[in-house]
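One chain, subunit A, appears in both complexes that follow, with subunit B as partner in the first and subunit C in the second.
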Partner chain A sequence: MAERVPTAQALARQVRFHLSFTLSSLTVSLRVANPSHYLPMSVELSERPAPPAPREITTQPRRSDQIFRIIVTIGGMASLVILGLIALFLSIKGLHILTEEKLGFITGSAWEVITDDTGTIAESKFGIGAMLVGTFLSAMIAILVGVPISVLSALYLTFYANGRVKKFLISVIDLMAAFPSLLFGFWGFFVFMSSAEYWAKLINKYLGFIPFFDVPTPIFERSPFIAGLVLAIMIIPIVTSISREIFDQTPLDRIQAAYALGATRLAMIKAVVIPFGRGGIIGGAMLGLGRAMGETVAVYTVLNVVYQINWQILFGAGGNVASLILLKFGEAGPYEVDALMAAGLILFLLTLIVNAVADLLINRFGGKGR
Partner chain B sequence: MTTSHAKPASLSSVASARTMSQPGTTLLGTGLETRGVHAWFGKKHVLSDISLDFAAGTVTALIGPSGCGKSTFIRTLNRMHEFIPTAAMAGEVLLDGKDVYAPGTDVTKIRLRVGMVFQKPNPFPSMTIGQNVLSGLKLAQIKKSNTDELLESCLTRAGLWNEVKDRLDEHGGALSGGQQQRLCIARSLAVEPQVLLMDEPCSALDPGSTFRIEETIAELAKSMTIVIVTHNMQQAARVSDYTAFFLSDGGPGEMIEAAPTSKIFSSPQDKRTEDYVTGRFG
Partner chain C sequence: MTQTIPTPQRPWQPSKTDRFETLGVLVASFVLAGLTVEFTGLNGKLGFVVSLFFSLLILNYGFYFQKQGKAAAKDSLLQVFTVMAIVLTLIPIVSIIATVVSKGYKGLHWGLLTKDMALASVNDPIVAGGLGHALAGTILMVGGALIISFPIGVLTALYLTEIRGPLTRPIRFLVQAMSGVPSIVAGLFILSSLIYPVTKALSGMMGSLALTILMIPTIARTAEEMLRLIPNELREAGVALGGTQWRTVAGVILPAAKSGLVTAIILGVARIIGETAPLLLVTGGGDALNLNPTEGAMGSLPYYIWKSFLTGGTPEAFARAWAGMLVLLSFIFILFGLARYLSGRKVG
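Here is the complex of A and B:
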C-alpha cells in the first residue's frame, strides 16, 4: 500500500530502481547461491571435485524494452527533477536568511521589518517558531480527530454499507476530496466556529487543569483547536479512500477463516482487517498529515495569526507556516520575500521528514498482518 | 423459489447403529441432516434437492467432478454459502434436529458448532502459531482458563504438536503448506465443534502432508462428525465411512448416490457412479 501512495520517497525509490536497472541492463550479474551450501556437513571437501566458480548471468534486452525503459525512466525522473529544482530555488533564495537569523529563525517568533523614511530596511527580524508550533498543533488535532472518523467510515463502506448507499457515499467522499479548501475555510469561519467555540468552552471548563486546555484570557474564537477540526474534515476524504482501498484488498480466505470460527463481524475486523490494513491506515494518515501541515487558505481563514508561541490549543492565537507566507507575501519587499522562501524551505523539509517517518512506521508496523 | 422435499438418503439408520456403540459419543449430538437443499447463485440453479444425513461420529466423503456443487453444498451446512453476494438457498439443514437457517438463529453459534477447513491453508499471518490455534476463542469471545492445555491438545489431535511445540511464538507463515493446513485444523478444533467440514483440505498439499492429514482425520473421527469434499477417490476410500456421489449434467448438481464407502467403490447402484469411481470420466 505504501508504494501506491505517491510520496516523494516512493518516487525517489522508483527512480533509483529504474536508474540501477538502466545502468546494469547491459551486464546484469547475479551471484548464484554459494555452492558449498549444498554439501552436507559431514562430507570432507577434499573427497569431492571442487565446485565450479559461479557463472556470470547476463541478458541482452530487446530494443523495444530498452526504449521503453528510457521513456519510463524519464517519466520517473521528471517528478524528482521538478522537486529538486523547487528545493534548489527555495534554498538559493532563502538560505542567506537562514544563515543571518541562524537558529533564531526556527525558535524565534518575531516577524518584523522596519524601514526608515527612504524605504530602506533599517531593522528586520524573522522567526517562524510560533508558526511551526501552530502547524504542529493544528495538524495533530486534525490527525487525532480525522483519522479515527476516516477509519470508521472506511470500515462502514467496506463491510456494512450495501449497494446504492455505498456507491453514493463513495462519490460524496470523492467530491469532498476535490472541494476547494477556501470553501472549507469559509464554512469553518461562518458556520462551524460558533459550535466549536461552545465545545472548546466545555473542554476548558472541565479539563482546564490540563495545561493544553487552559487559556490566558477567555478568547475561544479562531483557535488552533477550531483550525484543527476544520483540517480534520478536510483530510477525512483522502484518509477514508486510502483506508477503504486497503480494506477492500483484505484476502477473502482470511475473512472466511475468521467467520468459519464463529467470529462476529467486529471480531473479524479486529483480527483480520485491521492487522492487514494497518500499513495503509498509517500511510493514509501521513498523507493527511502532509495535507494538514501544508494547508494554507483554510487555516488562514479560520486561525488568528499571532506572532507568539502558543501551546494552548483552545486559545485564539496561532498560525501556521503556510498561512504566514500567504499573509505576508502580498506586501513583502524583496528581502522579506526571501525570508518567506526560507520559511517555505523549512516547511518543505518538514514534509520530507514526515514522509520519511511514515515510511519507517509502515515498514515497522505495516508488514506484520500481510 | 421452489422447494421439493425428498426423503433423506437411507444410510442414516446404518450410521446411527454404528455410532451408538461407540464410547464418548454424547458430545457428538445427534448429527447433521439436510432436507431438500437447493442452492442458487443469482438466477443460476447450482444444487438441486440434496437430502443427506451425516450421523454423529462418522466420516462422509463427497465426491464428484468439478462444478457438481459439492463445495457449494458443504458451505450451506455452516452457512458460509450466504457470504457470496447473490447466493440463495432453499431447504433445511438440521443440526441436532434444529434448522440452522431458522429465523432468529445466531449464525456465529452455528459456525462454532460446525467448523470448517478450507482448500487453501489460511492461518492468520498476524498471529503466532499459538495465537492461531486459540484465535477461535478470541474471535467468538469464549473465556477459557486452561488455554495451555487446550493449545497442546488441539495441536496434538491435529498431529502438529511435536513439530511446533518449541516454536509456538513463531508466526504461522513460517510453516510448510501441510503444517499450515494442520494448524488450521487445530485452530478449528479449539472451539470444540461437533461437526468439521473439510473442503478439499489436501488438494494443495504434497503426498506426505496428505498422508498426515488423513491420519489426523481418522483420529478426529472418534470425537466428531466429519464431512470431507475430495477429488481424490483413493482418499475418499481411505478416510470415509460413507460416500456421496454428486454430478451435474449441465444443470444443477444432484446427488446420484450415497452409501457406505465400501459399497460405492465395490458395487455402486448407479451406472454413472460406477463410471466415475472406476475412472471412466471426471
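Here is the complex of A and C:
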C-alpha cells in the first residue's frame, strides 16, 4: 500500500504533464495531484459519530469580553475619580478655614496673617472677595471683547473664506489655541501693555464720566482692563473653533432654501445660522469664561494684584483667585497654605459650575433650529 | 448646421468687474483713512485703523447702496465686520511669533541645549549656561505624564465609543469638566494629596502627576473623536468574523485608529508642554541637571523661562527667557505640524 503514495517529484511530473497537455484540464490535473486522493481510507465509517451538541446561543459576553468591559469601564471612571479626589483633598485641607471664616471668606477682602514673636499665628483673616470680583471683572471683559470677534471670525471662516485660505486660517487659529499661557502673559507684559495702556488712557479721557472708566489716580498699567484684553486674546481661538464647528453643522438645505428665497448672505445668516447655532455660541462663550477664570500665569504677569474690591477697570489694581494662590504660595506658612487650598476649592467649584452650564447649553440647544 | 458650445461659466464666483470694484472701494477707504489722519485730530496707528474701519463701512455701504440697494449694502457691512474680526484675531498671533523670534534669537548659542545653569546665574553672559536641565526635565515630566494619561485617556475614549454603557453621558460631561480644571488647582491637588501627607518633598514625578490631570481630558476627547471616525463596517466585519468585542477592538479598531491615537498623544503633549502654574508649585525647579524624577528638584522649560524673567532684570536674563520661549514655541510648532500631517492622512 505504501508504494501507492507518490513522491513529490512524481506529483510534480504529473502536474507538468497535465499542464502541458491542455490548459482546460488544469483544474482536473490539480485535483489529481492532490495527495489525499492517493491516500488510503483508513477510517471505516462503521458507525456514525454522534452529532456535536448544539451550540448554546446566548447574548452573554464571553469571559474575555467581560474582563475587557470591566477594564474599560474602570478606565472610563478615571475622570470621575480624579475630580472627586480633587474636591476631597482640597476640602480636607481647606474646609476648616471655610468653617472658621464662614461667609467672610467669600465676601471679605483681607488677607493677613499676624504672627507674634515666637512665630505662632496670633491672628489671621482670609477673604477672597476682592479676588472674586477681580476674576469676574477680567473674565467678563474677556468675554465681551473676545466673543463677538470670535463669532465674526467663525462666520468668516465658514461662509466667506474658501479653499486654501480657509484651511490655512483654521490651522493657524488651532495653533494659537495650543500656545501656552506663559507666552501670552509675557507677550502681554512686554509688547501689548504699552498699546493697551494708551487705549485705556483714551477711554478714560473721553468716557471717564462713566464710573467704570474713572480712575482715582492716573495709573493705567497692569489694570483689569489689560488683563481682560490678554484673556480675550487667549480665548478667541477656543471660542472661534467651537463656533466654527457649530456653524459647520448648519443644515445645508436650510441655507440653500434661504438663498433660493432670495436672501443675501446677511439675511441667510440672521435667519438660519444664528438661530441654529445660538446655544452652541453661548456654550462656547461659557467655556471661554471657564478658561478665563482659571487662568493663572498670564494674569499674574499682567495684573497688579491688590486686596481691595476695585470696580474701576482701567485702574491698575485688580485681583484674580488663581494669581492670588501663586502670589501667596511662595511665602505661605502651613496655615496660610490651607487658606490657599480653600481658595483653590472655591475656584475649582466655580469653574466646574461654569463648565456644567456650558455643557448643558451646548447639548441642549446646540444643533437645533427654530 | 453648426453647434455652438457655450464656454463654461462660474456665475457664483465674483467676476472681473466685481473684483475691480471691491479693490476700488478698498483703495478709496485707505485714501479716506489717510486723509482723515492727515487733516483731523485722529493720529497714530490706532487712529488710522479706526478711521480705516469706519471709512470701509461707509464706502462699502454707499457703493453697494447705489449699485444694488439696501439689502446688498447691509450685506457688505457684515463682510467688512467679519474680515475685520479675522484680522484682529490674526494680529496677536503674528505679533507673538514675531516677538519670540526677534527677541529669542539673541539668546541662542551652541551650548544652549546641552549646558545647565548649575554654575551660572541668570544674569551671567549668555554663553555661560544653557537650558539642558530644563529640556531634560520637561521631556521626563511630559513623558511620565504621557505614560499614565495615555492608557486612561484611550480607555475613556473606548468606553465612550465602544461600550457606550449607561454612564456615557455623565462621563463625557466629566471629561469636559476636567478639561476646564484650572492648572493651578491641579498643582494644589498634588500638593494636598501627595506632597504634604506622603512624600514631603518636591520632585519631578509630582510635576508629572499634576500634568497628567491636565493631559487626560485632551487625550480622551481627541481619541474619542478619532475612534468615531472609524467606519462602523469595520466593527461589524470584526464581529461577523467571529471576533469577540475585545478581539475586534484590539485587532481591528485600534490598529485602524493608530494615526488618530498618535494625533491624540501629540495634542496632549502640546497642551501640557508649556504649562507653568502647577510646575511652579510642585517641582522645585532645580538649576542643575537632574535625571531622577523621584528625588530632588527638577527644572523644566516653563520654570526656566519664569525664573529668568522674574529673578533677572538684565538684558542677558531677558535674552535667556526669550530663547527658552523660542525653544518652547518651536516644540509646539513641530508637534502641531506632526499632528496636522497625521490627521490629514486617511483613517484606516
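The working rule: the second predicted complex is superposed on the first by the 280 of 370 C-alpha atoms of A that agree within 3 Å, B and C clash if a C-alpha of one lies under 4 Å from a C-alpha of the other, contacts with A are read in each partner's own complex, and residues count from 1 in each chain.
Operating definition for what follows: a contact is a pair of C-beta atoms (placed from the backbone, for glycine too) under 8 Å apart; a residue touches a chain by one contact, two chains touch by 3 or more.
Remember, predicted model here, so these are calculated numbers, not experimental data.
When the two structures are aligned on the shared chain, A:Pro275 is found in touch with subunit B, with no touch to subunit C.
When the two complexes are overlaid on their common chain A, residue A:Pro180 makes contact with subunit C while staying clear of subunit B. In the superposed pair of complexes, A:Ala257 makes contact with subunit B only, with no contact to subunit C.
The larger set of touched subunit A residues comes from C, when the choice is between subunit B and subunit C. In the superposed model, A:Glu336 lies in contact with neither subunit B nor subunit C.
By the touch criterion defined above, A:Ala267 reaches both subunit B and subunit C.
The intersection of subunit A residues touching subunit B with those touching subunit C, taken from the two complexes, comprises 264, 267. Chain contact summary for the complex, subunit A toward subunit B: residues 251, 253-254, 256-264, 267-268, 271-272, 275-276, 368-370.
Taken in their complex, subunit B has these residues touching subunit A: 78, 80, 83, 108-109, 111-112, 115-116, 118, 120, 122-127, 135-136, 138-141, 184, 187-188, 191. Across the complex, subunit A meets subunit C through its residues 61-62, 64-65, 67-69, 71-80, 82-83, 85-86, 89-90, 92-93, 148-153, 155-157, 160-161, 169, 171-176, 178-184, 186-187, 190-192, 195, 198-199, 202, 233, 236-237, 240, 264-267, 269, 287, 290-291, 293-297, 322, 325-326, 329, 337, 340-341, 344, 347-348, 351-352, 354-356, 358-359. Within the complex formed with subunit A, the subunit C residues making contact are 46, 71-72, 74-75, 77-79, 81-86, 88-90, 92-93, 95-96, 99-100, 151-152, 154-156, 158-160, 162-163, 165, 167, 170-171, 173-178, 180-186, 188-189, 191-193, 196, 213, 216-217, 220, 244-247, 249, 267, 270-271, 273-277, 280-281, 302, 305-306, 309, 321, 325, 328-329, 332-333, 335-336, 340.
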